[in-house]
């Protein structure tokens, strides 16, 4: 159930294919794979965005991603999960986040993938700073108060 | 000792990212924030963590703790 | 919004990457991609399955897949969809179905991907015959009566 | 002319996949099923389609139509 925080660009679908091969080989053990990829858009809130910088809290970020995946694995019958999240300087069109869930069950795969993604957005410590033509700005989250710790 | 950390816009605003302080018995997370920033309370949009877990501002601090303050998180993509 | 029915094995993640590149290039137009891959399992209902044969209704199958994708595109703000479904002789571990949805919005991508997959299972004319050690058997669906036509 | 098609287990059971029949005025989909199979009604687990759209068994048939009968569909993967 690996989680990975990367400073370099990654190709999400190559990561899915190679991780699946490494974990399952050619076996037909899983029946359902749900994947979500978040990609950097070149527009946000009406402004053209030239790039962004993603900061994280080394250690805490990985730990919370692991907790999020473990929580989902306790809630649904999952065979494997994979989460990769970019940090550092990111250009439009580059993948920011990859969430993959393998299960024998379609519903479990869909629901767990979505839940991991929602939990990641609300709990994992990442902060975005956008580069606009007019300068930089921090993207402000909507969270009020502190999220409940899941660990 | 206590390790203090600021992230993202808080680090920029206050001009530091990490510092160490001597532990004082009875200190809470909120007390560290007020002592270091000169503010009288924790703004609504500042989160805190003790040893990499989110915590309420009233959480007591112990020797060796790592206490962090940061804005609401914005992981994932822009896609709502 | 292509749909494709294939008699030959396909590599789902290579298909996603190449279709995305063909449609969007390196642009950051979309922010969210949701993918579902259904893979042939080597077990079903307690029996070890050696392979299966998927039959379809050429013409009607493609038409209903297109209708399903068009219906989803009317219901959510989607930028692109891709559906690939295998037919013919299939071995365990091979991909059976791929559903991909690109959107600017995470929720739309997740929900539309799931809805397309559910509609595909209940409406698109495909029939499975499993090869067991003891012979072959048709997989029986749960549908009673006729599905409402969406076209 | 009318084109008739059977798929999957129905094609195996009845031993044919496609045949043509002369159109007769007033014919409904269900009538074609009964005439070709010798059965007195459409089994609950047989679906029918007229010109590649699902249809009720009582649907009238017209010259040039393609009428198909098949079992409930089982697309996608086994994963429930």
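Labels for the chains are A, B, C and D, by order of writing; each one numbers its residues from 1.
Keep this in mind: contacts are C-beta pairs under 8 Å (C-beta built on N, C-alpha and C of every residue); 3 or more make two chains touch, one makes a residue touch a chain.
Keep in mind that this is a model prediction, so the values were computed, not measured.
Novice: Indicate the whole-number Å distance between the mean C-alpha point of subunit B and the mean C-alpha point of subunit D.
Specialist: Between these chains, centre-to-centre, one finds 70 Å.
Novice: Rounded to the nearest whole Å, what is the centre-to-centre distance of subunit A and subunit C, using the mean of the C-alpha atoms as each centre?
Specialist: Centre separation, subunit A to subunit C: 24 Å.
Novice: Using mean C-alpha positions as chain centres, tell me how far subunit B is from subunit C in Å, no decimals.
Specialist: Centres of subunit B and subunit C (C-alpha means) sit 48 Å apart.
Novice: Can you list every residue of subunit D that touches 2 or more other chains, as numbers and ranges?
Specialist: 76-79
Novice: Please list all residues of subunit A that touch 2 or more other chains.
Specialist: 30-32, 38-41, 104, 106, 109, 117 - these are the residues of subunit A that touch more than one other chain.
Novice: What topology does the chain touch graph have (line, ring, star, complete, other)?
Specialist: Shape = other; not a path, cycle, star or full graph.
Novice: What chain-chain pairs meet the touch criterion?
Specialist: A-B, A-C, A-D, B-C, C-D
Novice: Flag every residue of subunit C that touches subunit A in the complex, lowest number first.
Specialist: Per the stated touch rule, the residues are 11, 13-14, 16-17, 24-43, 49, 91-94, 104, 106, 109-110, 113-114, 117.
Novice: Which residues of subunit A touch subunit B in the complex?
Specialist: The touching residues are 38-41, 44, 54-55, 57, 59-60, 63-64, 85, 96-97, 117, 120-129, 138-149, 151.
Novice: Quick one: which bits of subunit D touch subunit C in the complex? Just the residue numbers, please.
Specialist: It is residues 5, 7-9, 44-45, 47-49, 52-56, 68, 70-79 of subunit D that touch subunit C.
Novice: Okay, in this complex, where on subunit A does subunit D touch?
Specialist: Listed in rising order, the residues are 30-32, 103-107, 109.
Novice: What residues of subunit B sit close enough to touch subunit C in their complex?
Specialist: Within the complex, subunit B touches subunit C at residues 76-80.
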